[in-house]
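Quick one: this structure, given as structure tokens, is what I'll be asking you about.
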Amino acid sequence: MRGPGFLDIAHLGHVELLTSEFDKSRWFFTELLGFREVAVDGDSSFLHAWDDYERYTIKLTASPKSGVGRVALRAASPEALERRVAAIEAAGRGVGWKDGEQGVGRSYAFTDPDGHPMEIYYETEWFEAPADAKPALKNQADKFPGRGVNARRLDHVNYLGKDVVENGIFVRDVLGGEATEQIQLDKGGLAAQWFHFTNKTYDLVYSGDWTGSNGRLHHIAFATDTREDILKAADIFLENGIHIESGPHKHAIQQTFFLYVYEPGGNRIEFANAGARLVLAPDWKTVTWSEAERAKGQAWGMKTISTFHTHGTPPVDE
Amino acid sequence: MRGPGFLDIAHLGHVELLTSEFDKSRWFFTELLGFREVAVDGDSSFLHAWDDYERYTIKLTASPKSGVGRVALRAASPEALERRVAAIEAAGRGVGWKDGEQGVGRSYAFTDPDGHPMEIYYETEWFEAPADAKPALKNQADKFPGRGVNARRLDHVNYLGKDVVENGIFVRDVLGGEATEQIQLDKGGLAAQWFHFTNKTYDLVYSGDWTGSNGRLHHIAFATDTREDILKAADIFLENGIHIESGPHKHAIQQTFFLYVYEPGGNRIEFANAGARLVLAPDWKTVTWSEAERAKGQAWGMKTISTFHTHGTPPVDE
Amino acid sequence: MRGPGFLDIAHLGHVELLTSEFDKSRWFFTELLGFREVAVDGDSSFLHAWDDYERYTIKLTASPKSGVGRVALRAASPEALERRVAAIEAAGRGVGWKDGEQGVGRSYAFTDPDGHPMEIYYETEWFEAPADAKPALKNQADKFPGRGVNARRLDHVNYLGKDVVENGIFVRDVLGGEATEQIQLDKGGLAAQWFHFTNKTYDLVYSGDWTGSNGRLHHIAFATDTREDILKAADIFLENGIHIESGPHKHAIQQTFFLYVYEPGGNRIEFANAGARLVLAPDWKTVTWSEAERAKGQAWGMKTISTFHTHGTPPVDE
Amino acid sequence: MRGPGFLDIAHLGHVELLTSEFDKSRWFFTELLGFREVAVDGDSSFLHAWDDYERYTIKLTASPKSGVGRVALRAASPEALERRVAAIEAAGRGVGWKDGEQGVGRSYAFTDPDGHPMEIYYETEWFEAPADAKPALKNQADKFPGRGVNARRLDHVNYLGKDVVENGIFVRDVLGGEATEQIQLDKGGLAAQWFHFTNKTYDLVYSGDWTGSNGRLHHIAFATDTREDILKAADIFLENGIHIESGPHKHAIQQTFFLYVYEPGGNRIEFANAGARLVLAPDWKTVTWSEAERAKGQAWGMKTISTFHTHGTPPVDE
């Protein structure tokens, strides 16, 4: 079921990632993923994936603990922005307006019920490739890096949340998301819920945080063009000492071909390929998986690795 | 620039393809592409691609001459349907309401300025896999065929049109399309224009018909998950005597990896892979290519084959 | 270290596979793997993979218990055949000459130290495609099937053996094989040893049989052109109820991209892709892995599944 | 038909490439292909592809004119080396012994009938990865570069020759090669002939030089693991201003998936993927193509580009 504001959010814009290993995380993004560093500001590096049309994809910030900072959503129009801000304020989740960074205009800050910092904005400047790195084809944002994984664009953010249902209602009713798939718990409630804003199969996901913490990150994901890109990525991470947690394999839920690694700061990063799969139906029926169905493992039978349910950032003190 | 009704069209629904070689064309779709025949009615076979959620993808109809019959668009909601029908009627292009086929509800028939028969509808029944062919994963329409090309879903329709500009204005202002890319002629006017309705890079395309005819088809395209699928498709067509016109190669415009063949009835069929490329920006700027830029050929330098500008269906009497 | 008869064996020829589920196994090979049935003789079906140049690849035989029948090796020349037969007889492993089947000429039967039935031959007739299924390219044995996995050719046989070292000495000193890689046990002896006869990285493998049985099969493997073929194979097996035991993933040892399934008779079948990896060096140094190195799992970290050490055919009565 | 010395040559060892644009050619190999520079000596750079087990793959040498220098073949054993040297001397093509470079021991220099400088050797030192770049898997020569095309290993050399037949007889009778495929001219003689030394489908090729010159190069080729690697290579060359002459496409002859570019010095470089295709048969029958068959173009119908018959290095003064 779609929220009343469906299509008011155009897409996920950019994400701030906090890392306790700034130099190594920066190497991970620039050398292994092929991101371009477009600016440095204080403790932060602004990093751009070659296919993203805006000026940056990731704001990487040195921090005592790793985790996720703000996640910003681009509204579909100035009017859509006003509508969503009104809905956020009505829900009592608003923080207030602020100026964006690196070409992003005024942005409205808010939090989801779990306390994750988020923003919504419309104004933005498009990425302009440096004069010595113009792409050969004019319909492309930046030059294809030809380096490491060549990660194409931001794909989705998967939060951990104490209460998946409550967060999901917020995403649906206030942000205008639609749940494309979900896992129902035998005892009631949801183990995880996948939301999309337009045709992508998912953009924002909540997974239950088994530690009962708030505001944590499960992973952020980048899209690749082919499954072969993800196999090559695994080779590159193997060679460079990056911990591969799971995959390459194919998810049963959403059918995404995936690879999970930990970047040097400990944040889980996914590389995701959906093939040609899109949700085009305007009357999509949320696909609900039971615990028993989920227990069958991933599409080709791989059991879900235990750390998938325990590892998040920031780590929880024990 | 988007039309005022942008997002009122959810996606391309189904296409009627006319063929002068019905039996061979049917073999092409079922055996080489892996489509399922869901119904036969008179001179027509209704064929389903495994990932399409509606009951059929192609209505294949025996006909003295090959070409394209109606192309149907699914509206995003009942209200969107009413809005688009009102706009079509206001433009003087309406034909009238009729009942749909194979689970499609009432449909409004109209023509584009070039005379191509089109329809718009909202009501539809979802595809239900036969009891003995349920897919292993519940989030998938039909069982993966494992046969031939395994074409995934309808991707786009490319019409030939006498006047690209006039047809484009209709798509934009009446149907709510947005031109993502186009080729400008030195003498003014357009050689071709690519429109999308949501996040796909294009759904409906007009190419100038050099013969000055009306109502002809350049090609219809099906999506595959990977570029490798398209290479395999080329092997399969080679082995089965299907004429490969051009490709596999990568388009400069839209960057789609492509293969063009003629199905036995002579209709040009494309297999297309866009990788992870989507148009997510709500303020997309139409990319305009000059004739000089276009003359450079496809992305990796292959020159456009001459039949690409002359072959269409129905063939033009000479 | 190479045996004195290195290069006397040209390649693995054909394999007899015993199955307790003949009809289902035959469906597996013809429908899911794309093999052509070239002959039926009594309880056996002769099956051909499209790229194998000889008349058959697998002799599938109905049997109370599944497992492996004879494995046949083609000698590099009539003289090489005589040399290897003399060596086999000198080793006391000879059984005697017999006529081959389906175009294979006289064959010398023998057993390895573990008791697996084997043959060696030189005379053979080349596969001739049926008149209605000639491949489009004259340098190809059979038409590309365009069906299921499209398994290309026999790649290797992996036996279970009670004593890996003893079997390995036989392969090296009598058959002229060279160990390309091996796993050394901490307590001495070998857990597994990979042999090749020419440039392929391996053709015949022995893994220790933890049940202490003799004459069992670990798996037989077929080659595919790309890793993507193996991903597609996993989709096809998922849809058709074939048990996927492990993979797709990449082996650390030999670096082969792999998928293991059980065909309906319970025999483990591997689909293997070595990329462009070949052993070209005439002075190859056997790569030896310790148990500790082996415990790290496969290339990208997947732990070896427990059934990999317990499942073999025929099953062992308990 | 195999020469009497078949299997005396183990494989192609290393190639000296002459370039009139040394700095740019070096950038091409190191940055775009991912080769490691292992040594610099005078006007030459020694470059290593990550999967080659010897110390270098290409000796790149600054030269007034581009073209090919010596091509070195590794013998299968010290005895095989002596046999081939004796045969070369008997054929009157010997030049004499010399010391090899970069770990290669004594080498015997000779020329083919066309005058191309060649060498044969057995002694060689294996590549040792730098301490800070050890590959993660011990069965791999060098760390996977994760840079550009990641070209895996030297695959073959294709000479231009004034008299294809005469050169072919030399390769067969003196070097022990076997012609796997060839193109017969209607007027008699051969347009091209493909030779292999072991299981690869070809290692050394002669194409007729239409200019009537001697000693020129058509191309040298590097192997990739997948066809997808070659598509990615095309993107990388497009972005970096490297001229793509032809492809990616699939050859009819040998069925290799290919891409041809000109490195900055003008030498044609091919990227080649044979999939799992090997010549395993010890009684291979040379596949002969007529001019008419050849005129059909490549496997999927692409016509051979005209420069393919005219461009070679060094260029011919006109």
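Brief remarks follow.
Should a chain be cited, it is by its letter among A, B, C and D, assigned in written order, with residues numbered from 1 in that chain.
Just so it is clear, a contact is a pair of C-beta atoms (placed from the backbone, for glycine too) under 8 Å apart; a residue touches a chain by one contact, two chains touch by 3 or more.
Just so it is clear, the model here is predicted, and its values are computed rather than measured.
More than half of the contact pairs at B-C come back, by residue number, in A-D, the repeat among A-C, A-B or A-D.
Two chain pairs, B-D and C-D, are compared here, and C-D has more C-beta pairs in contact (counted per touch definition above). The distance from the centre of chain C to the centre of chain D, each centre being the mean of the chain's C-alpha atoms, comes to 32 Å.
One simple way to say how far apart two chains are is to compare their mean CA positions; for chain B and chain D this gives 44 Å.
Along chain D, residues 137, 226-228, 235, 238, 299 each make contact with two or more other chains. By the touch rule above, chain C contacts chain A in their complex via residues 226-228, 231, 234-235, 237-238, 244-245, 247-250, 257, 299-302. Touching chain A in their complex are the following residues of chain D: 32, 135-137, 143-144, 146-149, 226, 228, 235-236, 238-241. Chain contact summary for the complex, chain C toward chain D: residues 7, 10-11, 51, 53, 74-77, 122, 126, 137-140, 152-153, 155, 181, 198-200, 223-228, 252-255, 273-278, 280-282, 285, 287, 289, 293, 299.
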